[in-house]
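Sharing a structure, written as structure tokens. Questions coming.
The first chain written gets the first letter, and so on, giving A, B, C, D and E; residue counts start at 1 in each chain.
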Amino acid sequence: MSVLAQAIPAPQTDYTTIIPELIVLGTGLLIVLMLAIRRFSNIGWYALIAALGFAAAGIVAYVDLWPEVTDGAATYAFSGMVAADGFSTFVVILSCVAGVLAVLLANSYLKREGLDKAEYFALLLFSAAGVQFMAMANNLVMVFLALEILSVCLYVLSAWNRDKFASQEAGMKYLLLGAYTSAIMLFGISFLYGGTGTLNIAALAQFFARNVLENQGLVFLGMALVVVGLAFKIAAVPFHMWAPDVYQGAPAPVVGYMAAAAKIAAFAALFRILFLGLSAMEVDWKPLLWGLAILSMIVGSLLALVQSDVKRMMAYSSISHAGFIAIGVAAASAEGMSGALFYLVTYTFMIAGAFAVIDCIGRKDEQYTKYEDYRGLFAREPLLAAILTFFLFALAGIPGTSGFVAKFVVFEGAAEGGQWALIGIGTVAAVIALFFYLRLIVLMYMQDSTERPDLAETRARVAAGPAVVLAVTVAATVLLGILPQGLLDMAGQAVFAL
Amino acid sequence: MTLAAASSDMPFVTLLVFIPIVGAVLIGLLVPSRRGDLAHVLGVGVSLLNLAIVIWLLVAFDADSAKFQFVERSSWIPELGIGYLMGVDGVSLFLLALTGFLFPLMLLGSYHIRRRLKHFTVLVLFLEGVQMGVFGATDLFLFFIFWELTLVPVYFLIGYWGGPDRIRAAVKFFIFTALGSAFLLAAIVATGFLADGPVSFNINEIIKTDFPLWTQRILFWGFTIGFLFKVPVVPFHSWLPDAHTEAPTAGSADLAGVLLKIGVFGLIRFSIPLFPRAAVEAVPILIALGVVGIVYAALVAMRQDDAKRLIAYTSISHMGFVVMGLFALTTTGVQGSIFQMLAHGLTTAGLFFLVGFFYDRRHSHEIAAFGGGVRTVMPVYAGVFLFMAFASAGLPGLTNFVGEALTLFGTFVGHRWFAIVAATGVILAGIYMLWLYQRLFNGELTVEENRGLKDLNARELAVIVPIAVLVLALGIYPKWVLERIEPSVDRIVTEVERKTEGTDQEYVQPEQTSPGGIEVETAPAPSEAEHDEAEDEALSGTGGEVSP
Amino acid sequence: MSGEWILYIVFGATALVSAIGVVFLANPIHSALSLIGALASVAGLFLAQEAFFLSVVQIIVYTGAVVVLFLFVIMLLGIDSADPREEQLLRRQWFPWAFLGGVIGVGGLVLTITGIDLPFGVSGTDTADAVNEAGGNVQALSERLFTDWLLPFELTSILVVAAIVGGVVLAKRTKDLRGSGMGLTPDLAERISEEVEADAAEGELDPEDAFEADDVDPDPDSDAVLVGETSENGEG
Amino acid sequence: MEFLQTPPDPDAYIVLAVFLFSIGAVGFLVRRNAIVMFMCIELMLNAVNLSLVSFGRALSDLSGQILVFFVLVVAAAEVMVGLAILVAIFRRRARASADDMSSLKG
Amino acid sequence: MSKEAAENILELAWIVPLICLVSAGVLTTLGRKLKEPWGGVVGVGAVGVAFLVTVVVFAALLSLPADQRVFEHVLFEWIPAGGFRIEAGFLVDPLSILWMLLVTGVGFVIHVYSLGYIAGDERYTTFFGQMNLFVASMLILVLGNNFLVLFVGWELVGACSYLLIGFWFKKIENSSAGNKAFFANRVGDFGFLVGLMLIFATVGSLDFDTVFGAAYASLGGGAGVPIALGTATAICLLLLVGVTGKSAQVPLYVWLADAMAGPTPVSALIHAATMVTAGVYLISRAHPLFALSEVSRAIVTFVGIGTAFYAATIALGQYRVKRVLAYSTISQLGYMIAAVGIGGAGYAAGVFHVISHGFFKALLFLGAGSLMHAMHGEEDMRRLGGLRKVMPWTAGLFLVGGLSISGIIPFSGFWSKDAILGALYESPESWGKIAWGIGLAAAFLTALYMFRTYFLTFTGDRSWGDEAHPHESPWVMVIPMLVLAVGTTLWGLADLPGSQWLHGFLEPTFGVFGGEAERWTGEVVLLLTAGLLVGVLGVATAYAVWSRATRERRISFGERIPAGAGMFWRKAYDVDAALEYGVRRPGWELTGVLATVDEDAIDRTVMGIGGGAKRAGRQLARLQNGSVRVYASVFLGGVVLIAAYVIVRGGAGL
């Protein structure tokens, strides 16, 4: 009998677990197909489709997956490739939300800059799928692949603005360093594979449960390199060097999305690998995360102090926020992770809102992103200045905003784990953060823009998309600041299942 | 009284907090920014309404109960053990009253502000609401939220409407207090978590935990350093003179009148009751800090050549009395420190308003701008200024004297030499006040521009006269106030004494042989103790259950 | 001497030599060629490890497609000549070499002393005879690929689509786009030409057509600003 | 020399992979030309493939070889996007070295 | 008058200070609006009514039997603060009623006088307002039933003296004189306050009866907590510090001379008759405490008698009439303090002298006032002389005052001063005699400087230029002087050795400590004659030296003493210079240093931290130089770091 005749056993396909991802990918492919057949002149249609795709995926995940997932333990599908549990569904919903915000923001940006190629939305959808798969991945290969999909899309999106050398430079730098790190991470995965014999995260946990290696060098090195790969993605110090240049060069809507999406995916994977897979080695990887958290918070804040470009300052502030989230994960407990999840949600809204404003103020060709361009903004555009001030205070963690509750929850997670040093350093970093946000506020309110006539003549036009984004993000930041109970419950349930 | 009975469950604190905030939001949204004066009038109206409620609260307050009254309890974030708990007791009653009393005057006093009057009013009203919240909150988390929120409006008040070097002053103010609140946040998270039972930030729950000594020390110093930034005590004080010199009149009045009290209030409400043993241990250091503050600030005040900066230093000196009295941990001392806070709030706010009136005319509060002899041109102004100067110097018959006497007598019992050194503050106060008065008002008129100055007009008098009347009234008849403060203070002090009985602190409480036969209530009788526990139980509202 | 050792030594040596060649040869073309050598030798090592399908795929896909793409792009961009600054730079940097020496030293040490001890008792199901029973390396691979590893396999298709779309969007020449009205607004076109003139003004680019520029010899000082190491750029 | 008789155990391959990897990693740091940097990355990825295959063989588990497939695809995708950006950059500046891309700094 | 009638009159005693307070409030608030005469009328009227009510209360008190003449009434509870309970109440007993009579009586006379003196001043009404405020605070001081209320009055009078000294604030010297007075008073008040704190700490209350109860207890008998001797001495000495501040005794007397910068009625009322005697009132009120520690009594006596002698020497060298009178007041106060210091009969003698001094010193000041009024402010004796012919009434009344202060027989000065000297002589303590000797010497000096002043100003040939044309003062100023003159002559009868009425009257207050009345024994007669002899001797030498002095000879006496010493003596031993270099200048340096320290040190360290963070940030930013390869090397460095960590933790092998 020829080889072909032998029946290949049917693959285990349980599509119900990955419906949201399929919807997102489907929409992406649909857009690519439509572009191939007939380009509409106004990319608004594509934006609409993309937004609908995201919304549909989000709603399906919330309505269908969330109830059944949060009660029982994780259900594994595709022969262990994917784990659908409360945690992953939470991240899926969050990525859909981030996706919708990114689409709304991008629409007006692309038209204004004359880059209206709808592939932007397709890539956005693919990257969101990457984030979702990364959260669901129960196999190291899946983590790697999802990370690569996400990264490739982000490389392209960073280099999207062909007319600005800075954007291309940003894309190139991100790609070079990204490829370099993915190679290192892959090397780590090979060591883990070599050391434990399996690539499946759940199996990893069982492996450590069954037998104790007297010589764990190989597994340690593997674990370390994987952590390095993910640390690069969340831009934790010392792997943060790419972030400031890419945040400054890349288009504002992309940065708004990237800052959130990359962190969501990386932290999800980090948590799943370390907390679920290598929980036996907790005593080893906890100091690693401690180091990353402390370095990121302090170095991020210090560098942000001396910046003269707003987007670059935002980059460093996002590095220090990565440090705060890392505190939650470093607590290696359910409370810590639920705190980190809550922080991620609030951070997504805050950074999206902040960059929406920066984009509006930046006007065409993002020419006005220097501190000096923000001089006396309150006199010129009071509403925009007020909204940006609100976001800056939220990022700084002033009470009444979700930023404060996020920091508080993360600190409480750390307190649960007894890490007082982290809380101490965290509060110090928060104070330094206050200082560099204050510098910008001082410029906006207390300086006048008399010697900058060019600032005055063009009024910053806020298009429909960014307006909606601003409304949604401000509302979310205020609501989560005053009544965070709802989201805290969700985050708790998400982590409770593990 | 029927009125008191009817309003025993009135949510006073929530009203006091949210009327100004809602007013601020409404004015902010509805009134166009061109119509600054309309916004200003509405603002005064809202704050007067708030004052009315404060007065109602004062009347409805049951004078001889030591426990929290008008308690409001509802669950807010049960997940983290945080509840929306508000309550008023003897300690916070008169601070709320002071805030309610000062804010309408502040708005009235800042009539001259031209730039963005609407935003100014909105910020001031928001500040009033938040400061009421600080005094009313009995949940650590809620307290911290209001504590931080006070930063933002004051920052903008100083930063936007301030004097020439306002930016540096505003940033310095913000960073100092933020640094303080960094300590505070870390301590609050730790306390909430380390207290026995489920994670909870309700102080009635936490007060039951007897923390181990070392944790108690760390937590105590976490809270205290956070608060000392705000008081300010000498090493942490360098933000105050700048903030005062650059702040607009309303800003300075608020800074002196209410903002400094938040730090001390925190000490009385949280640091001492929650960590009694650490508090008793730290008594010598803190009293020393207070006394150093008194003498040091008084000496430095003499060499200031800006009237506002001088008054700022005097308020540091007065707050030194408050800290000293507080950490004497005797009923007299603590009661004296609360009364001194009230007195200092009135007199220093009055002085700032007065300097503000001159600033409106001459746009400078340098002593050289006065140049002496102003008394000949503005006699009424000089007279009122002299009255306030005497009040600030602690002349008997006016409020400050009662405050200073109580703190001194309270501290002398346990710490003789500290009280004696502090008493020299009385001499220094007399010297710098009258010397300032001579440089401003006596002698011939040297500065030509002052010749044509008009004396105080009706509006300005409407601002300063109520303060003067209160300063005199509280000096002559402080009983009405002291009576209400005493039960709560007594409870705190006896609580601390009971909890630190074990340790042999050199903590001296004078024998209470007051002839009047008024038996000072020692630890509440056992039967009443059970009652207390039940009361606290009902009051605490543990995190989980949602109650009305 | 077992056959595998011979293969290991031969291919191992060529792999190392050509890898060092890739790094050290100044001319990109030579580097690309030595990269082909390295990949081929790795393919050989796969053979030594009985991963026959992989070695063939390695030869066809990697050396065939990827390296050819490199060569094509080198030729396209016309940077096939040695760049004078490259050698000068190569020689001067001592740190990377010290690092490389260290790694090699440590690696060698570790190997000789302890060697990597793999987890005992753990073994997958695909032992040599299971593979033969399934009909050889390729069949076994395909069987596993399309059953257990189906989802990653599908994901790679998404990855490739994303890469292609991205590549097209970024690199497609805009000139012929101008005429086809493919969504290119007039002001975009005119702005690009304006951009080109600006570059020309900087003396970097021949205004007629970016591609025909032959070996453009940029004047050294204009680049001084851009070159990272050689000049100290003060801006912090 | 009896160890030559038995087939080389996985340690040999792994050490070879480490060497290849470090040459690639250091090459990335040394060379200024973007394309050579990509080549170095290819080297690193190949080193990883080698170690995966040898681990797979030692564990007699085919997953290693399957993973190599996926690495190939990823490498291809990366190179594609990288060169696309490079071409786009080159269209504006006639240089391909990494250091010319240092306008974003500070 | 029946018992309860007297009781409810006594209950109204608090109206007296109230009247003055209300009128002070009205006058200061109305200020300029109330035109010239009406302000004065209200002021004088208020004090007059206050005086009448005091007389009624005095009568009511007299109607009570001797031992029940102590009436305490609590108005309201002032400060309820834990262990610190203070009631605002008043205590009417022979001691306080005498002072009330003095304050309101002499006060009324001086108010009438100042109607003339202040006429025409644009702050006419405020002047009377402040004078009334002063009278009210003095009344609070004497009426208080516990130490704190006394302290309130004590500081309020200090404040009023500051206001009134600096009344003509246009001249900076006046206002700095006011400041100087207030600061000196405040230093005294500091001592007083610390004393009160010590009392509260030991006894637990500040009420007179509790504190004195404790004092009696420690003397044996009576309930209450006994006070240790050491504490009692400390309390008394601290009270003494307060007394020296207020009654201008040796260390803190510097302010009284400069206080003459105020209008003369102010000097007369405050700095002669009433405020400065507050110290005497305090010691006599707190006599049980002083009785506890003999050491403190000795110190008080010698401080008093020392000041008496010391001030008399300074008065001798002064050329301005009011400054002579100022130092003479300090000297007479020294006598009173010594009297109440010695205790026993001294208490009554001290009070006796207080009131008689009130009469003749006010008379002398008013005389000096009318003299200056006539000479348009000129008071330097070297430019006066021969005024007897021009101003007969003023001269005559001034002479009466002079005789009385010098202790010449018919006038009260003689009786009261000799009562003090007698008390000093007969006191059981050993050091009594020494004090008596110093007292005698001081009496001689007193007579000497008094009549030097009289002769230089009123007799001899006139040495004022012709632009001044002195005339007799209007009746409104002479009549009060006349009343005072009558007062000083009659008051002597109050405590003749035989009747000792005053001793008896004061007996309820001082009780066992009062000492029994003096009878006409031989020894007493001898003492009296000694006092008289010394006075007459003083007058004679003054007559010899200055009576017929021509203009040159009148100033020659001063010059014969070597110039340096003369100037040093004339400038009151140059205490002001000592103050300038000893206190003010170092204080200025210290505050300067502290201000700069505060400005730089604390500020810079704190802002330094901010700057440090910025510098660190800038250093790190240099690493971020945009080149991918640098980023990659930092990245690789991170990987190596983590790999090293892993290997260290993971044990040797891979």
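Criterion: a residue touches a chain if its C-beta (ideal position, glycine included) is under 8 Å from a C-beta of that chain, and two chains touch if they have at least 3 such contacts.
What you see is a predicted model, and the numbers here were worked out from it, not measured in a lab.
Of the chains present, which has its C-alpha mean closest to the combined C-alpha mean?
Located nearest the centre of all protein C-alpha atoms is chain B.
My parser should flag the chain pair with the most contacts; which pair should that be?
C-D
Measuring from the mean C-alpha position of chain A to the mean C-alpha position of chain B, what distance in angstrom results?
Result: the chain centres lie 44 Å from each other.
Averaging only over C-alpha atoms, locate the centres of chain A and chain D and give their separation in whole Å.
27
Just give me the whole-number Å value for how far the CA centre of chain B lies from that of chain D.
67
If you look at chain D, which of its residues touch at least two other chains?
Within chain D, the residues that touch at least two other chains are 10, 14, 24-25, 28-30, 32, 37-38, 55-56, 58-59, 61, 63, 66, 70, 74, 77-78, 81, 85-86, 88, 92-93, 98-99, 101-106.
At which residue positions does chain E touch at least two other chains?
If we look for residues of chain E contacting two or more partner chains, we find 610, 618, 621, 624-630, 632-633, 636, 652-654.
What positions in chain C touch 2 or more of the other chains?
96, 99, 110, 114, 116-119, 122-124, 149, 152, 156, 159, 162-163, 166-168, 170, 195, 228-229, 233, 236, in rising order.
Of all residues in chain D, which touch chain E in the complex?
25, 28-30, 32, 37, 98-99, 101-106
Mind listing the chain A positions that touch chain E in their complex?
172-173, 176-177, 180-181, 184, 214-221, 223-225, 227-228, 231-232, 238-239, 241-242, 244-245, 284, 287-288, 299, 302-307, 432, 435
Which residues of chain E touch chain A once you look at their complex with the stated criterion?
Listed in rising order, the residues of chain E that touch chain A are 610, 613-614, 616-618, 620-621, 623-624, 626, 628, 630-632, 634-635, 637-639, 641-643, 645-647, 649-654.
Once bound in the complex, which stretches of chain B touch chain A?
Listed in rising order, the residues of chain B that touch chain A are 76-80, 141, 144-149, 151-152, 156, 159-160, 166-167, 170-171, 174-175, 178-179, 182-183, 185-186, 189-190, 192-194, 199.
Quick one: which bits of chain E touch chain B in the complex? Just the residue numbers, please.
Touching chain B: residues 28, 31-32, 76-85, 87, 148, 151-152, 155-156, 159, 162, 166, 169-172, 175-176, 178-179, 182-183, 186-187, 189-190, 193-194, 196-198, 200-201, 204-205, 207, 209-210, 225, 587, 590-592, 594-595, 598, 602-603, 606-607, 610 of chain E.
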